[in-house]
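Labels A, B, C and D are assigned to the chains in the order they are written; within every chain, residues are numbered from 1.
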Amino acid sequence: MRALEDDFDRPKEECGVVGFWTHPEMKAEVARMAFFSLYALQHRGQESAGMAVSDGNLVTMHKGMGLVSQVFDETAMTNLKGHFGIGHNRYSTTGDSHVRNAQPYHVSTLHGPLSVAHNGNVTNAAALRKALMERGVGLMSTSDTEVITQYLAAPVPFKDRTAPRWEQRLAQLLDVAEGAYSLVVMTRDCLYAMRDPLGMRPLCLGRLKNRDGKVMGWMVASESSALLTLGAKHLREVGPGEIIRIDKNGITTVKPPVAEKSTAMCIFEHVYFARPDSKIEGQTVQVVRQRMGTQLAKEAPAEADVVFGVPDSSLPSAMAYAEATGLPQTEGLIKNRYIGRTFIEPTQEMRENKVRLKFNALRENLEGKRVVMIDDSIVRGTTMYQLVRLVREAGKAKEVHVRIASPPINNPCYMGVDLASREHLMAAQMDVDAMCKAIGADSLAFLSPEGLHKAVRGDEPKPCGHCDACFTGNYPVDVSFFEESDAKRQFEL
Amino acid sequence: MRALEDDFDRPKEECGVVGFWTHPEMKAEVARMAFFSLYALQHRGQESAGMAVSDGNLVTMHKGMGLVSQVFDETAMTNLKGHFGIGHNRYSTTGDSHVRNAQPYHVSTLHGPLSVAHNGNVTNAAALRKALMERGVGLMSTSDTEVITQYLAAPVPFKDRTAPRWEQRLAQLLDVAEGAYSLVVMTRDCLYAMRDPLGMRPLCLGRLKNRDGKVMGWMVASESSALLTLGAKHLREVGPGEIIRIDKNGITTVKPPVAEKSTAMCIFEHVYFARPDSKIEGQTVQVVRQRMGTQLAKEAPAEADVVFGVPDSSLPSAMAYAEATGLPQTEGLIKNRYIGRTFIEPTQEMRENKVRLKFNALRENLEGKRVVMIDDSIVRGTTMYQLVRLVREAGKAKEVHVRIASPPINNPCYMGVDLASREHLMAAQMDVDAMCKAIGADSLAFLSPEGLHKAVRGDEPKPCGHCDACFTGNYPVDVSFFEESDAKRQFEL
Amino acid sequence: MRALEDDFDRPKEECGVVGFWTHPEMKAEVARMAFFSLYALQHRGQESAGMAVSDGNLVTMHKGMGLVSQVFDETAMTNLKGHFGIGHNRYSTTGDSHVRNAQPYHVSTLHGPLSVAHNGNVTNAAALRKALMERGVGLMSTSDTEVITQYLAAPVPFKDRTAPRWEQRLAQLLDVAEGAYSLVVMTRDCLYAMRDPLGMRPLCLGRLKNRDGKVMGWMVASESSALLTLGAKHLREVGPGEIIRIDKNGITTVKPPVAEKSTAMCIFEHVYFARPDSKIEGQTVQVVRQRMGTQLAKEAPAEADVVFGVPDSSLPSAMAYAEATGLPQTEGLIKNRYIGRTFIEPTQEMRENKVRLKFNALRENLEGKRVVMIDDSIVRGTTMYQLVRLVREAGKAKEVHVRIASPPINNPCYMGVDLASREHLMAAQMDVDAMCKAIGADSLAFLSPEGLHKAVRGDEPKPCGHCDACFTGNYPVDVSFFEESDAKRQFEL
Amino acid sequence: MRALEDDFDRPKEECGVVGFWTHPEMKAEVARMAFFSLYALQHRGQESAGMAVSDGNLVTMHKGMGLVSQVFDETAMTNLKGHFGIGHNRYSTTGDSHVRNAQPYHVSTLHGPLSVAHNGNVTNAAALRKALMERGVGLMSTSDTEVITQYLAAPVPFKDRTAPRWEQRLAQLLDVAEGAYSLVVMTRDCLYAMRDPLGMRPLCLGRLKNRDGKVMGWMVASESSALLTLGAKHLREVGPGEIIRIDKNGITTVKPPVAEKSTAMCIFEHVYFARPDSKIEGQTVQVVRQRMGTQLAKEAPAEADVVFGVPDSSLPSAMAYAEATGLPQTEGLIKNRYIGRTFIEPTQEMRENKVRLKFNALRENLEGKRVVMIDDSIVRGTTMYQLVRLVREAGKAKEVHVRIASPPINNPCYMGVDLASREHLMAAQMDVDAMCKAIGADSLAFLSPEGLHKAVRGDEPKPCGHCDACFTGNYPVDVSFFEESDAKRQFEL
């Protein structure tokens, strides 16, 4: 069952990861820092949360279903002792959400403890699963993180089997695992951070200082906003295909990143996922979104009286659109900000106008006007249909011109984002004119793929490439497995 | 212990109430409607929630600690059978939060079941408690709602003691209870809605229709946004001192409202509490807040480059301020929207910069600029001090001009709002210049009380008066009891 | 829904109560002592448990649904600070079990805090409820304990209303409340213990010493086994109609007990309810039960090969029966001792032989034999029917002679014991011959009422009378209210 | 922390297992049957419980901490759909009890789902762990059941790798796994039951019929009392080293049992663990215990007036001892039967006489008498010391003669029983005379090892051997690993 606040008509991110390594003598409260960094990344996954912390001898783990603030209490925090650790927020794409799929994954290996937190989707997980099972590994869950963990647990076929060789194994994983994966890995005495060679999911690196300005250690996190929350300095991003080790010797690049031009960072991080105050590829997301609005104004101006955005993610684009078009900006929709995840079914009456449970229209700002409503994307189109009706009926707008700050989504994502299957993607089923009619708008326009890329690259064009498969169908990895079959069923117990 | 998200430097509302009466033959799902209306009023109280529903014979009740979405699950909903009912969200001002203080209160009386949900604070509750105890009523909690309930349970001293006479009792209550109270009361066969004679807390009335346009019944709610959420038509407000009965005969005014000019509606509902899409005193709150921004621009313009509001409540004022001054509006602070109530203590390092757990500054929009930061109010000043520092240090703003869309708060509230005691109110301790210095701003200005009243009254000046005691010290009721002593201790068990 | 282990074919006791008063300077851990005494009285009620503890200023309360060990954890214990307190175990006779009916009840009154724990059933509670409601008290629950508490909360109509006069109120309660009630009452500075004038439910008094032999204080408890558990000295029973005060001046008899010959102690405490190691009316229950077995052997010997009791309550009678008849004693039924309350429904196959979920027959000890099966009572007869079948089919007994160590139960109890309504009492529906046939036994005999009284009075005949209404229909109080109507429905919310 | 009711001075069993296979067309409620069979085996483990059920396609699993009745509710039962399944009760010997150690273990393998429930202790688990980790399997827990599961998940090195070959793998496991293990294994379409070659832990086989007498399927369980509870027919025991398959073709012996004379069934199942109504090695445990009492009477009579057993496990021995010696039997100690597991710490006063929380002495039956107190075993001796004191001081016995129905325990168990380490075993530290003095008894005697074996073998001597290492030190497997080191620490994460 879908929870109401699941924003079912929005793309869903799947995870946020964090990792910490501090000097033992600094007595930093690693678990507490991990807690607040997961708290800052709550938007990347609300289904489960977890943490594994080590003092070099003993690994303590705590995970559970729910928000970070629900999973951890002071008793749990007190038990999580150690000077390094990793953490994870999870959003489940499958209906089968269960605590056994919660992360981090932790196993004992020949060379000591191994804990893994993962953001992304390994597209050849089915093949890797099969390989592992052929080697005789029984798999407890349907998670690709367990696949990664067991893959890493296997000894590297080198002569000297006494050395852990975690770094060789991580390098091997880069060779065999396809798709998107940003990993934070904890072993007996150090922390590794790594991104897939295409750099599809973000991961960045920060330095922790204490109140006296002394370096306490380092942290990695999916987004830099988590660094800001802890007052850590944002050093840089972990590069695509890069493996970084953090231990008592500081930060070491175990394997340098691949060339940036061959990368395929998910462009939707800019469009919707990331917090606006995060810096991705050197740019603050808020600014990128403002540029999207400016570009949208250029590509698709509207004959209208007023502009407003659908709260909250499209507000930067709306602000910039208004500024660029010279139209006054207003607030047209009010969102219930205190809404929490609920599984209570609405009544029949409410179901037909479900959008009201989340939004109300501000008639005073809209009545009798020709309005431009900016949103960041259209997935299934059901919410947009109800929003247009709300703005027209309750808001009394004269005309409703919908402008979307990204191109039409007409392809599913197989790299860790829960969009929808192709038959549920509105743009995969009809052209823009038909969509306009279907949502009941007076006009509808999207930002062009070129316009989006331009906005993302910004003034100082970034060399790195982006995955825009959801808009273009140009998948950077082989997705035939997914396209040919409903592969998930094969994973089920 | 204070929870982190308690927004401890903001005024706290204490409650939201709802009531429903539907025709039995319509088979309306009253509990489900009550759930979603409480959900829409979640901002008025996050500590506990409850509901009592009746089918005319049996009253079923469910209440618990936490958010509406945590207190109710489908099992609870299934048990809540009936065609009329009342509901409640509670925010506790005392540290002693306990489920025995959760509402509604329900008792059996000589004349059948009686359930009460209450928003406000009865300022002479101590005297009423004493009177009840002298009559021999033992009180189970420290709540003034229990006092109201037991007061209503007492038979009216009329000859005919067989008639319930609920209406006489409610009228009596209006005579003896001082302070703020918006009540929804459920008896064996009808629903009553009532506001204190000063009309301090809001309460409004709506009509429910089903999909075929047939009238299903009526609802009352603290705010009209709850009506919009359910698609109910907003009929009007319950008047100050008015008693309304809703039953199978429809809506009846049992006692007409007092003259509006003698009322004292809490002006802070406009400033901060109410949802912007609620209509209070005939005006949408968003619009009132926009007028506050316009007026603030007139009274306190600033030599600056850019304007932004502290999310979320001050955004309408900021938008209007920008428009009125001609300064460009921007987003200067990003708020972590997914933050939930947490009781985990931050580390020492974080405590000093606690505001970062909630906000980050957007350097790109602020760097090198003279910024105007709009907020709705200053209570203790601690958050504002940290925000100014954040905007200056992380945002790299050149100058920070703080503008507050309401007057300085220099008096505590005793009518159901948790501001702070006088010694913790910044404006009660120093003048504006000293405050400016204390928060580290380049300039600081407040909206004048006159300006606020003007903004609230709008273009078509409203005859009704407002309580602005927090700004002016002009309390509409006798508060000497509170001022002379720390009265709450007397209530403790 | 009935829980499986509810022993639905046994009489159910309703409550256990305890009270503690210790010298503050002894720093006794009153909450911990109350916990373990409730733990020792767990057999008297498994539905809810609670405790209220006072340090003379602040009363702390904790109660919840479930076993004592489930309701309290170390966090709860740590919060329960004080040097005196009361506690309660509850078994609910109504289907409507709810935490709002859990005890103790606690209210604030004109003269300070008042907490009440009650064992029994006030037979004129409906009349007292009505009187309270006429006085204007709204009642929150269906519990007669709330009625008692609110009755006590009322000021005594004496001139000097400043004095608490708890003692007058308790004395008044003795005058007006009919039925069974053993009460422990806590006020601001002392503890009261009191029994109804008929002395229907037990209550005894003990002295607490510390390791050095110094008197720590006193305790009261439903049964002396709770005293033994804490190592307290059993001083005596609280007499019928006696009011005892315990405070810093020690133990004071506020009102002396009524003459013992007019009392009506529930004889079923001896037959089934009390722990065998408790002393009631000066006699250890185990010994009384052994005498019941001896007497039963005299009245109803059997031509048989072996004797066994249905575990556990009938084992003393079985042992004595065997000894008196000279027949060898054996174990014929094994009970699953680790069984916990479960609400899981058995399958259709299991339902027909539900007794197997609790008992297995020991064929080795029974096969081919003529067996005497001793039980303490027959209520509905359903369990006995299944037991006889089990002993015959699985145990392969040749003949099954059932002997019951008490007379046939043919009247309901209205004084706080959940037997069954008259139409469900097997002995109320047929004579012993028909019962014998119905349960499928080869012979069936009961102890005579005279025999039971003789066994209970023992060698040194006790002057006190007993209530044996369940056997004889001679109710010591007016029960016409219950007999005329299904009165409980009137109490429902 | 030890729970109070942990009976810390008794040996602890570690697990109970069950398995069910029913014909799909019979629509048997397998989960419900598994629930009640685990309920019947609750005495074998109270820490966690779990179940995995399959409909041939989908495996559903539910497990949790606590008693069976706490882990499962109707919602869980409803989700557990299928016609075959396995279940488990666990008692943890290590302090580190955690839900990740709860059983059954379930993994996906190359050949489909694999679920395992295990009772026992694999003594070479450390070596097998190492072998698995060398093969590259990361292990999530410290449980030997995970080791067994992953061992079974590995493909057998046969040519045809497409066949599951579960049977070869199970046979291999018999070759490599040392120590005690009774297993129930569920694959995609069948159920396996297997015991270690020494047959150390029990496991038996039953046939299920429905109400019409039609065969519904089969079940396996640790003890036959679970079969009786469900009304299943006890067919036979699974033999030592035997592998049985149950599927749509009925019961097939995959591998026949080893010769009985080489087996080493744990003799403590007879002495203490098993329910008295279970049949083990063809004998009802109750009867074996009675024989132990008879034999003890022969070996160690006592000059005394009366005999009683410490409830509950020693009652059969006590009864037989009394009969054999001609001394009258009585009840000397009353046990609090309603006691539940509690973690509340007693007060200082109680700690010194902790035995009172569980037992009271019956002075009436003991005073002035020379008593024989029968118990089944002495582990640490602390409880026995307190019991003797209780019988003497509270019971006023003149002399206390302790007779133990098994030999002195002077060796730890490494095969799945939690006795105590050698330095805590009283009999390992001193001789019987010293023990007698230490416990304060007037005399002390134990059953001889020969006498115990004789009692266990019964009238028709059983060929099978028994492990009596705890009495004799003759371990049937290599335990040098455990004796040399505190091996468990090596397993820790």
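In the analysis below, a residue touches a chain if its C-beta (ideal position, glycine included) is under 8 Å from a C-beta of that chain, and two chains touch if they have at least 3 such contacts.
Nothing here was measured: the structure is a model prediction, and the numbers come from that model.
**Student:** Touching both subunit B and subunit C, which chains are there?
**Tutor:** Common neighbours, subunit B/subunit C: none found.
**Student:** Sort out for me whether A-D or A-B is joined by the greater number of C-beta contact pairs.
**Tutor:** Spelling it out, more C-beta pairs touch across A-B than across the other pair.
**Student:** Would you kindly tell me how far, in whole Å, the mean C-alpha position of subunit C lies from that of subunit A?
**Tutor:** 60
**Student:** For subunit A versus subunit B, what separation do you get between their C-alpha means, in angstrom?
**Tutor:** Those two chain centres are 35 Å apart.
**Student:** Could you put a whole-Å number on the gap between the CA centroids of subunit A and subunit D?
**Tutor:** A distance of 49 Å separates the two centres.
**Student:** Which pairs of chains touch one another in this structure?
**Tutor:** A-B, A-D, B-C, C-D
**Student:** Please give the residue numbers of subunit D that touch subunit C in the complex, ascending.
**Tutor:** Touching subunit C: residues 28-29, 32-33, 35-36, 39-40, 42-43, 46, 67-70, 72-74, 77, 210-211, 225, 228-231, 275-277, 284, 286-287, 312, 315-316, 319, 323, 328-331, 334, 336-350, 352-353, 356-357, 360-365, 394 of subunit D.
**Student:** Of all residues in subunit A, which touch subunit D in the complex?
**Tutor:** The touching residues are 58-59, 105-110, 113-114, 129-130, 133-140, 149-150, 152-155, 161, 492-493.
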